[in-house]
Amino acid sequence: MLDLLAQTGLNAVYAASYISLVAVGLVLIFGVMGVVNFAHGELFMVGAYAVVALYADLQVPFFVAVAAGLIFVGCLGLVMERALFRPLRDNPLGGLVASIGFLMILQSLAVLGFGVRMEHIPPVTQEVLSLGDKVRLPVARLYVIVAAIVLLSSLWYFLKRTRFGWALRASAQDPEAAMLQGISINQTARIAMFIGAGLAGVAGALTAPLVSVNPHMGHSVIVTAFIVIIVGGVGSLEGAIVASVAYAFVHTFVTTFYDGVLADIVGLSLMLIVLIVKPTGLFGSADRA
Amino acid sequence: MTHFLEVRDLTMRFGGLVAVDRLSFTVEHGTIHGLIGPNGAGKTTTFNMISGFYKPTEGAVLLRGEDISGLKMHEVARRGVVRTFQHSTLFAELTVLENALVGTHMPFRPNIFAAIVGWDKEDRRGAQARAMEALEFFNLDGLAQEIAGDLSHGHQRALGMAVAFASHPDVILLDEPFTGMNPEETRQMMGLMRRLRDDGITILIVEHDMQAIMGLCDTITCMSFGKFLAEGGPREIRNHPAVIEAYLGGARHVA
Amino acid sequence: ADKTIKIGFLAPLTGAVAAWGKPGLDGCQIWAERVNAAGGIKLGDDSYTVELVSYDNEYDPAKARTGATKLIREDGVSFIMMLGGDTWPGVQPVADRTGMLFSTLLPSDLSPDTATLFAPTEVHPIYLVTGVEWLAENRPELKTAVMCAQDDALGLPSVATYLAAFEAAGIEMLDEPLLFDPATTDFAPVVTRLLSKNPDIVCLDTCYSDYVHPIAEQLFQQGFTGQIISATADFYDQMIAKTSKEFMEGFIFQFPDFDDPALNGDNINFEDPNGFYATYNERHPGQWGAVSWEYASIMDLWKAAAEKAGSAAPDAVAAAMKEGGTGNHAFGDAKWWGTELFGIDNALVGDWPVVVIQDGKAVIKGFRSIPDWYDKHGDLLVKHMQAYDQMWDQRS
Amino acid sequence: MPKYIVWMVLLVALLLLPHGLSFSQQEILVFLTINVLVVASYRLLTLTGEWSLGHVVIMGVGAYASALFSKKLGIYVPVTMLLGGITAALVAVILSFPLFRMKGFYFLIGSFAASEIIRLLWKRFRDPFGGAKGIKGIDPMPDFSIGIYDFDFFEPVSYYYFSGFIVAICLWILWRIEKSPVGLTFHAVHWQDKLAEASGVNLRAYRTLAFAIASGFAGIAGALLAHYIGTINPNSFDVEVMVFVLTWAIVGGTATFYGPILGCIVLTVLNEIVLRELGFEQMRPLIYGAVMILSILFLPNGLESLVQKFSQRRADGLAPNKASKGAAE
Amino acid sequence: MLLEMKNIAVNYGKINAIRNISIAVPEGKIVTIIGGNGAGKTTTLRAMSGMLPITTGEITFDGKRIDGQPANKVVAHGIAHVPEGRRIFPGMTVEENLRTGAFLRRDKDAVENDLEDVFRRFPRLRERRTQRAQTMSGGEQQMLAIGRALMSKPRLLLMDEPSMGLAPVIVEEIAQIIEEINANGLSVVLVEQNAELALELADYAYVLETGNAALEGPAHELHDNEHVRAAYLGV
């Protein structure tokens, strides 16, 4: 029994890692740009396909492929910023529609480029760390956990300790006033989109060898991410991380000890309960609601 | 004896901060009553508690002897206490007339079934008439079809009051109605307020423009750090040492 | 041949279910080319070229209805192939009115009211019993099992079937079947749960390959060394790459590669399986799966029936197809069957292959008769199907 | 007087319309008619400023309710459609308790979560909802004759007339509500809820009212759909369908009553007729997505702004007064 | 001249908010712009700080052209703007608001000193250091907005109605602060509804009426001008 608990705990830590990478990116984009990026799941998907193309097809080393995925998807974020969100800056609903359009385009391009079936990625490593008799942590999953910790803590440092962190928060709250402090809101938008999209991309890239890569894989990811950022409080990075961990643990334990469909219902109900008790989420405040 | 509007031991705490601290004062029917005090003294917070926007931590607000503290804002409004907001808050996307029509919500409560089948012609006409009356009162009738957001600052302030007036209130709470008005406009607005009072409407006003406050109010309550400081007519307040010390200062640029 | 016969293809070609339609359309196109190159379809004295007309129904019943109307009333097709499932009930009124002949891959669409709907290839999930039967015979030492499936229209009947098959084989279930949400992507918790019971056998039911791969990988990584049985193992070479040859050795499933020499036997009715497989892989590398050949094999059956009837008219073809109560199934001659499960004898059931991975390659270990199993254990199947509300009279 | 003529011409055009179309286009016309009611009712909800992602599931509630009422209780179909609408409105009232504690983005996602829970319940409870496969064999609308015309509801033309009639009545009611003082109050709640409340408006009551009315009409639309196709399942009402409704409304423009309807018509015709006719079978999502982006970039105020520009120019040319300003709201 | 605006016009869509306005701000002086509601005062200030594009004319700061540059570039030249309506960052604390004011500065120690300086001038802000700016009273927010502008260590300070909503004592304090910082060499452009105060503080004044410069001159001269007295001083 103890083994089972430990193994389930490890499973939950892994789930929390990739969910928080995606959710934090989504929060960042929503916070700074003020748009709900429906295409975020597809950015995750593109990250995974970057690994398909580079690592599986062209045999580039895995971590190079992941880095390339991060940069490529980050740049895709820049494209979205410039082509979609900047012209629609005063039009959040328009931004939402544009992101949905972008989602459709990315999905179709993936189908055209790679077909509708799932893709295959050779394992990066088959090593498994045995922690005790029946508790096992595949090293490929460890990579994801480590990457999440490293990336998110550097992001935290960046946001709390550098001038750009101030700039991002200020332009999220009042872009015009931010400009009067010398902050370039185009630049902060670019930074937010690059980081936000890049995090989604890197999450997709890192997990690509572990999940089924197909053009529609973004859907379930974004649904989870939405739940998580609502529970955490929209606009709060800490909230997104705490909620990712909470959601991952609840979902994993319910799946393991009851069943998977129930886990979804429990997850959604949990979210509604949080919202009913605190309508702005655990860490949220009313100003961006 | 029951007072018309009475604030009794009203207290509001935000975490550790006591924004309003056991404040008590009374407002008599048919008067213009000023509430002044330094920035952050708790005037807006007091307004928020009277109008039902905040629920007081402690204390009571009595209207004609009835305790209205803790009621929702619309319930307070239905008892005749209507407020305006510190910044010009309007339905910026609607026309001036439509703004005033929203103000007639209470006297002419819309009914959805009547509206669908068309049995509310009478009510609609009545609401229209009342709205126009309110606009005329504030000299806005010429602008009835303009979009409210396009109006000049002064007109927006006037419209805010017209919306409140359209609902046949007993008490109007005005939070800094004169900001952004030049002396001429201020003078005109003062005249309108006196007319409102003469119509039997009680006015409770928060304002930092001493010219207006001193010229307009029958009674002035001064508060500081959430507490009651002094009360009296304009002359008393102007010369009250504590008020001068806390609020008026040397007053070289005012009044 | 300057005359043409039009065949409708009404399946999801875009969206999340496209993987069940698109590869099938590709396969049919290859089939049509081969038939046309060989002189087309001969009805009476004339030969006709085959032309496929496709309509993307996005797996939506309303769009399927529109598509069926278009294919029948505007394009004038003689036969329509569908994936079925959610989309069939939308089309059924059209089928009733027009008498058009339809086929489905999902026999749970069949009911007494669906006189013109046939399930001529894959009678899911009933063929799954053959794999269990083979397993029990060849590895009698394996006594306990657990299973998981996605909670959807394919997963539930498959769970019921495996439960019946295991019971028939005397294999004990250690746990309730674990149902997971179709949107699941991380299978570590599912596998942890499965393995917590220390089973001899893990059964993956009719999991789609999107699930089978990550589950197998997790089984490997969490240290499972026992037997796995599954309906499909599309791209098993990739599974081997992700786990190990030893781990995958003995993996049982039910869909052979079409280059398998056992398919060259006389009993096989699919035209030139090896050639078809080669052409398909050349044109659509990495896209081969069960759907790739199933629609094409339906076309084989239809072509034979139409040529026998000398007409492409739906009722004539239907009659010719069912004549004598038997038909030419891809894996051998079979009989029209299904009254008990589906309320109508419109499913073509006969032998089905049991495929086992041996030395890194899928090998057909033999063909087993589904009706034979059913004659012995039919009551078990009915019992479990009923428990999951999967009998035709339980489906609303 | 000329207004009457315009309406008459429109009526005749709508009556004749299906006869100029192919069979499959007639089918699409039926679904389009129903979807017009879906977007138009959605707009009523958005008048109060809240954007829901649950509208399509609420429509599904109406569909399931109507299907079950007719199937299990044998109630006459047109009555079940009304009951479907009422059920949807009641469910909305229940949902309003948790949901209207939230606003803005929280409401958007909260409504999504609530509706996903409803969908999961449909999947989970095979009795009576039929699980993942949903309900099939739903009673069709019984055929009848009105003397000059025999309604055969298998035929899209008949069902188009029938649903068109129902939808027209619903649209008329929605229009009356929007133009009434109640509609004005909805606007007020949207633009400045604090000020509206200070004017005596019960915000919760009005938000709930808008939600319930919108849901009721969505429920009727769902019922119309269910009895035409004859089958419904949880996937027919998933978030992807909702995304379409949302984009119809926004691409069409939400400042006017007809904006979302226009968006629905134009985008549906584009996606279901034009792109299919042009043979872009599998490229459709790509092109559709690109069109959505371009339209929002170049017509940020929606397709309705094109109409306004056009009619403005004509009005300016004919009669240089700006009486139309109020009507444009 | 520190700042010079020549023949500026600004449009909002089709509306000409200001037409052909020229304003000069000498180094180290206080210049005030007064005028009725909607005269274009705010628009003029926003054009100076680059928040609005100008349609004609040119703006130079310290001899360099700055028109056409976005607001965030203009700040870098040393122009700080206390905008109408305060525009503090609602979700940030008081201290965070002040620190964003120093966004472009690299001299960390001096920033700390200036922060101390602002707290000394506005003790209320020190008390509320960690309160979210959103929940501050109207007057407190105004103090914060001025403090934030000072944090950028500007050479020219643009103030749009700094006395709005402030208690008389605080207005006096603000006046003192303006005089003080001006004495330290900072130039100021002051837009005020309170013309009395503005004309007393300023060295030079402009009167705007419906988008045009109606009058200009040394402040004490305008203070005695008949028209100004009647229209803006309320006597």
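Details
For reference, chains read A, B, C, D and E in written order, and residue numbers begin at 1 within each chain.
As a convention for this text, a residue touches a chain if its C-beta (ideal position, glycine included) is under 8 Å from a C-beta of that chain, and two chains touch if they have at least 3 such contacts.
As the structure is a prediction and not an experimental result, all values here were calculated from the model.
Hopping across touching chains, the smallest step count from subunit C to subunit D is 1. The chain with its CA mean position farthest from that of subunit E is C.
Among the other chains, C has the CA centre that is most remote from the centre of subunit B. In terms of their C-alpha centroids, the spacing between subunit C and subunit E amounts to 76 Å. Taking each chain's centre as the average of its CA atoms, subunit A and subunit B sit 48 Å apart. Centre-to-centre separation of subunit D and subunit E, using mean CA positions: 51 Å.
Of all residues in subunit D, those touching 2 or more other chains are 123, 282, 285, listed in ascending order. Contact of a single residue of subunit A with at least two other chains is seen at positions 108, 111, 223, 261, 264, 288.
Chain pairs that touch one another: A-C, A-D, A-E, B-D, B-E, C-D.
Interface residues of subunit C facing subunit D in the complex, by the touch rule stated above, are 13-15, 22, 54, 56, 59-62, 65-67, 69-70, 73-74, 85-86, 89-90, 92-93, 97, 108, 113, 151-153, 156, 389, 395-396.
Of all residues in subunit E, those touching subunit B in their complex are 36-38, 85, 124, 131, 135-140, 142-143, 161, 163-172, 175, 193-197, 200, 231-234. Across the interface of their complex, subunit A is touched by residues 51, 98, 101-106, 108-110, 112-114, 116-117, 120, 123-124, 239, 243, 246-247, 250-251, 254, 282-283, 285-286, 288-293, 296-297, 300 of subunit D. Per the touch definition, subunit A reaches subunit E in the complex via residues 163, 166-167, 169-170, 173-174, 176-185, 235, 285, 287-288. Residues 4, 7-8, 11-12, 14-15, 108, 111, 115-120, 122-123, 126, 128, 134, 136, 138, 141, 209-212, 214, 216-217, 219-221, 223, 251-253, 255-257, 259-261, 263-264 of subunit A are the ones touching subunit C in the complex.
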